[in-house]
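I have a structure here, written as structure tokens, and I will follow up with some questions on it.
Naming follows writing order (A, B, C, D, E and F), and every chain is counted from residue 1.
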Amino acid sequence: MHELGVVYRNITRADPTAASALAALGSATVHEAMGRVGLMKPYMRPIYSGAQVSGTAVTVLLQPGDNWMMHVVAEQIQPGDVVVAAVTAECTDGYFGDLLATSFQARGARALVIDAGARDVKTLKEMNFPVWSKAISAKGTIKATLGSVNIPVVCAGMIVHPGDVVVADDDGVVVVPAALAQKTLDAARAREALEGEKRAKLASGILGLDMYKMRKPLEKAGLRYVD
Amino acid sequence: MHELGVVYRNITRADPTAASALAALGSATVHEAMGRVGLMKPYMRPIYSGAQVSGTAVTVLLQPGDNWMMHVVAEQIQPGDVVVAAVTAECTDGYFGDLLATSFQARGARALVIDAGARDVKTLKEMNFPVWSKAISAKGTIKATLGSVNIPVVCAGMIVHPGDVVVADDDGVVVVPAALAQKTLDAARAREALEGEKRAKLASGILGLDMYKMRKPLEKAGLRYVD
Amino acid sequence: MHELGVVYRNITRADPTAASALAALGSATVHEAMGRVGLMKPYMRPIYSGAQVSGTAVTVLLQPGDNWMMHVVAEQIQPGDVVVAAVTAECTDGYFGDLLATSFQARGARALVIDAGARDVKTLKEMNFPVWSKAISAKGTIKATLGSVNIPVVCAGMIVHPGDVVVADDDGVVVVPAALAQKTLDAARAREALEGEKRAKLASGILGLDMYKMRKPLEKAGLRYVD
Amino acid sequence: MHELGVVYRNITRADPTAASALAALGSATVHEAMGRVGLMKPYMRPIYSGAQVSGTAVTVLLQPGDNWMMHVVAEQIQPGDVVVAAVTAECTDGYFGDLLATSFQARGARALVIDAGARDVKTLKEMNFPVWSKAISAKGTIKATLGSVNIPVVCAGMIVHPGDVVVADDDGVVVVPAALAQKTLDAARAREALEGEKRAKLASGILGLDMYKMRKPLEKAGLRYVD
Amino acid sequence: MHELGVVYRNITRADPTAASALAALGSATVHEAMGRVGLMKPYMRPIYSGAQVSGTAVTVLLQPGDNWMMHVVAEQIQPGDVVVAAVTAECTDGYFGDLLATSFQARGARALVIDAGARDVKTLKEMNFPVWSKAISAKGTIKATLGSVNIPVVCAGMIVHPGDVVVADDDGVVVVPAALAQKTLDAARAREALEGEKRAKLASGILGLDMYKMRKPLEKAGLRYVD
Amino acid sequence: MHELGVVYRNITRADPTAASALAALGSATVHEAMGRVGLMKPYMRPIYSGAQVSGTAVTVLLQPGDNWMMHVVAEQIQPGDVVVAAVTAECTDGYFGDLLATSFQARGARALVIDAGARDVKTLKEMNFPVWSKAISAKGTIKATLGSVNIPVVCAGMIVHPGDVVVADDDGVVVVPAALAQKTLDAARAREALEGEKRAKLASGILGLDMYKMRKPLEKAGLRYVD
């Protein structure tokens, strides 16, 4: 359930070093490192390709067609944050454009993740301010009703607590609980370290069947080959 | 983020009297009484019309195409519960049919709310065991991977904590936090008490414009009439 | 484009006799009689099956998540009308429930067609007040912003002018321009008169291939049979 | 790839006794008996609930917005057949209504499965002629372009060969290859025979955990209980 | 309702200077300048990013899977026009490719907006002929049935009259009634003039809360801060 | 129906010269050359724009959320192949990333066409290994259940037999039966040869109405012009 009309000013952010370092690993590796959990639904897409960020979540709950709280959340942004915006109903309106992006960027935000629409795509790309959203829409919003800031929200099917780490790139958006940031970073790095070696083997033509020793288990599961 | 492979046996259920009494109010009135929050996404539909239930949530997190944990959650059901099932990925498979329904009903469950598919629709209707789901599908599932029981889950966009109250009918599914059950019940009843009187007035031809004294605010907002 | 904040009180309704008589023909026959135009998108579905109505349109343009104008349009309803509601953005909220239905019914409305959500489905069915909508949702709305009444609207992809005839049943919703009501009724009746005879032939086992003399054109188009 | 403009008159139908007997088992049990394959996508829904049929497939490939071939396929129907209709492009038009249903029924067809729209829903229900479709739409079609009859088609994601058995009910539509009809019937019956006993145990409160001896495998997979 | 089989040759186009000047403002600003109306549904997306155009609408109503009328509308194009294409049913076929684009471009068309599919995406991008569509599909169409040219059409939920101004960019497609072109241009320019100043303030770190004097209204609405 | 747990090692591939040459024609021209059949549903989109390939299909049937068989199919790849992956249920998980792409590329595969999700989009683009998919998702998969390799599969609504030719570009994915590869190539080239001339005429301002001699048929069909 959502609490409306409240702004929590003091949140516990994940360790900033780990929060920043996770970007380099990417959403797929981080998702694997967490045990294949934490991913937002795949309808969340970047409004332009190529961006890869991570940061600590400040959250905002919006009302449908109303972006008033976006101005409220701006004040709570600290350098290194990623704003995560949920809406109390399904909505594709363009809650966020170049003016808000200018403000967010001035406050130190690295990105916006919004379970609704964004607009001014071309300008946002020029500003290098990435957004992950479920829609792009020129439709503006009103400023009339209260939501909340820094409460736990559900964004694209995933619970996000203020201070969690958000990792976003062309593959999607992953949420890492604040308490697991360092552990996930370690696991993701370990995973990545192994990948270079694997990649070299596969590139040389060695099959995953042999590299992962899958032939026996496949046979045991009943796989048969027909010539 | 989801914790996998854990079953919490001791959960704090909402007051059973309030939890049961909310059914009679219906999802729309309860949703209003909470301040228009708590509703699952409207893609959650009853597999047959006419059922109206409420109860305390026991939650289960499932893996895609795998209903193993449905048997684990069955053991945690107490009379008056509603099982709320989330999945770690989008899936429309039929996780639940007449055998599981027989087991759930024997344990005292009142309904299932599942962010995936169900099957055996005709039999479930005959058994009078209601299900709210996002799909109906004859496709069965395997029993191979672990999820969890009685952790907070996100079901159709809404956070559900074990012990929360779930209210479901033809209009959808609303989640009431355990701590707010009685207060919400009181507010919903107060709301409903007023509705009888309003209904009588409206039925006599009195307009909402007059009954709610809207003419002045509409005029002030700039509404103009053209003959 | 939509004009906001205006209520047109004087509209020219289609001839009431024709407007009422079209119900019996049904949406499919009326749609054929118009030359296969006028149908709303098939996502518009009745909230309960079996209703079949027609009537003259009073239109209302709503804002997302705001049903204030539903009370304004209620005053413009005359017996035999069908309210057609469009929204300025995509929205699935439940704009309409049993109280508004009571008011609409008291004013003489026969149905609501709404390009958004409705709620109180069970009560509306008991009241015998049919609704065609794109969603069912317990989610309520606010009363804060102006739309308009009796302007041309686009509902589920179809332009509806105030006074047009709306024909709705289990197959969908068709819009007949007011000026074409009688002509369409005549054409639909002529069409239906022919169908009885055709039905009898087909029921006796005569093929459409022969009844419609299709064998030659099919052969000419190149159809070949392989034994 | 689809071959256009051809009607195959001689097809090998599955054994009619097995084809008819599968209806009683239902789509979910048949789907399980086949090893969880053969199910059409869950967007295929009955136009009215409660029907449960099986029969041998005669197939038809239609062009978008054109139902000419429906008349051609009518001639190829034999008693006990189910017509399976695919379209070369995505389309929701109402290809099939009461006149065609009269003809199909007169020829002995038991149902229509169509990857597009149907109409005249109320009449079809009165006629007791069930249809599974992806849409309901009053929109009619033209009769201008050729498709084919009794070629293999893809309907709702599943390959259907002429003569295969189709099993359809409220849970969906399953396709059984003609050569596997008897074997699938046997497996489905065996499966169902076991279910009665299981149901009785579960109804008495015995848990699936114990009945299926799942506690050990769950423990081995790492499931832990927290009090 | 749609009139079929008619081509209106004389339409009143919006003032060409205003129609052309609106492109520079972009769809979001124009949409705001009109009072947040006029936007097509957000499923309308450019087939390649970066294009930004405006022009006067010539409209065409197409039949499903049939692009015959695209050749008819080509003759009605005048330099500075944007072709707006609607379809009488939902369809994703590729109605438009490089040959038609060559013809449209030769006639002076600036873009196509189509509530269906387009193809030859790579070539259209090389030709610098932008298209906004709801789908991309290699599927071609036939040329067999009549639609109409320069009648009012509904495209992606918005009424478009021949001669209206269409403004399209990466954010979507806005329709400006011909009579409001100059007024909208003035309002959009005024709006944009203010934005430069605002942007500078926000970039310096001044909050929207202060710049827009929102703190009082937020407090009045009940917003509370928790430390 | 799908056969599970089998790998066919010997498949008959289409002629490699024709299979490779089809790429240059593109999916739209090839689709036309086949008589407007063979196209996968338009939800299949390239994960990055600009790639244009063709090759012989090796097919793989996957289980939901399980990419074990991707390693099995890798061994069956020969230079010039395109892997076509279908899933037994709807799934958007990321079955394929940079490691598998390295392996596929090392084996000589030209592309992957998958009726599910892919990930590592940025790396795949850098590797120049194109993928057509219905989703992009960072979500990984398990390796636990068997599917099959080189059986006929249904991918995005189209039957693909092992050895068929797949043609994919920004417009979509077309399947050419192996036996028709050369014939289709010839027809596509003939079609393209004519297009250059047509393009020149259209570019000079000649209308399709005249070039295709459509004025008479349009008049005959009843088209009328209104001044």
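Here is the rule we go by: a contact is a pair of C-beta atoms (placed from the backbone, for glycine too) under 8 Å apart; a residue touches a chain by one contact, two chains touch by 3 or more.
Because the structure is a prediction, the values reported are computed rather than measured.
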Check the residue numbers that chain E and chain F use where they touch, and answer same if over half are used by both copies, otherwise different.
different
Higher number of C-beta pairs in contact (D-F or B-C) found for B-C
Could you tell me the distance, in whole angstrom, between the mean C-alpha positions of chain D and chain E?
42
Provide the C-alpha centroid distance between chain B and chain D, rounded to the nearest whole angstrom.
31
Taking each chain's mean CA coordinate, chain C and chain E are separated, in whole Å, by 28
Hey, what residues on chain C touch two or more of the other chains?
36, 42, 90, 92, 139, 145
Spell out all pairs of chains that touch, sorted by label.
A-B, A-C, A-E, A-F, B-C, B-D, B-F, C-D, C-E, D-E, D-F, E-F
Can you list the residues on chain D that touch chain F in the complex?
1-2, 4, 34-38, 41-42, 88, 90, 152, 154, 157-159, 164, 175-177, 180
Residue positions on chain C within touch of chain D in the complex are 26-28, 31-32, 36, 39, 42, 45, 49-50, 52, 169-172, 174, 195, 198-199, 202-205, 207-209, 212, 214, 218, 221-227
Touching chain C in the complex, chain A uses residues 63-65, 89-93, 139, 142, 144-145
Across the complex, what residues on chain D touch chain C?
5-10, 48, 68, 70-72, 74-75, 92, 94, 97-100, 102-103, 105-107, 117, 119-122, 135-140, 143, 145-146
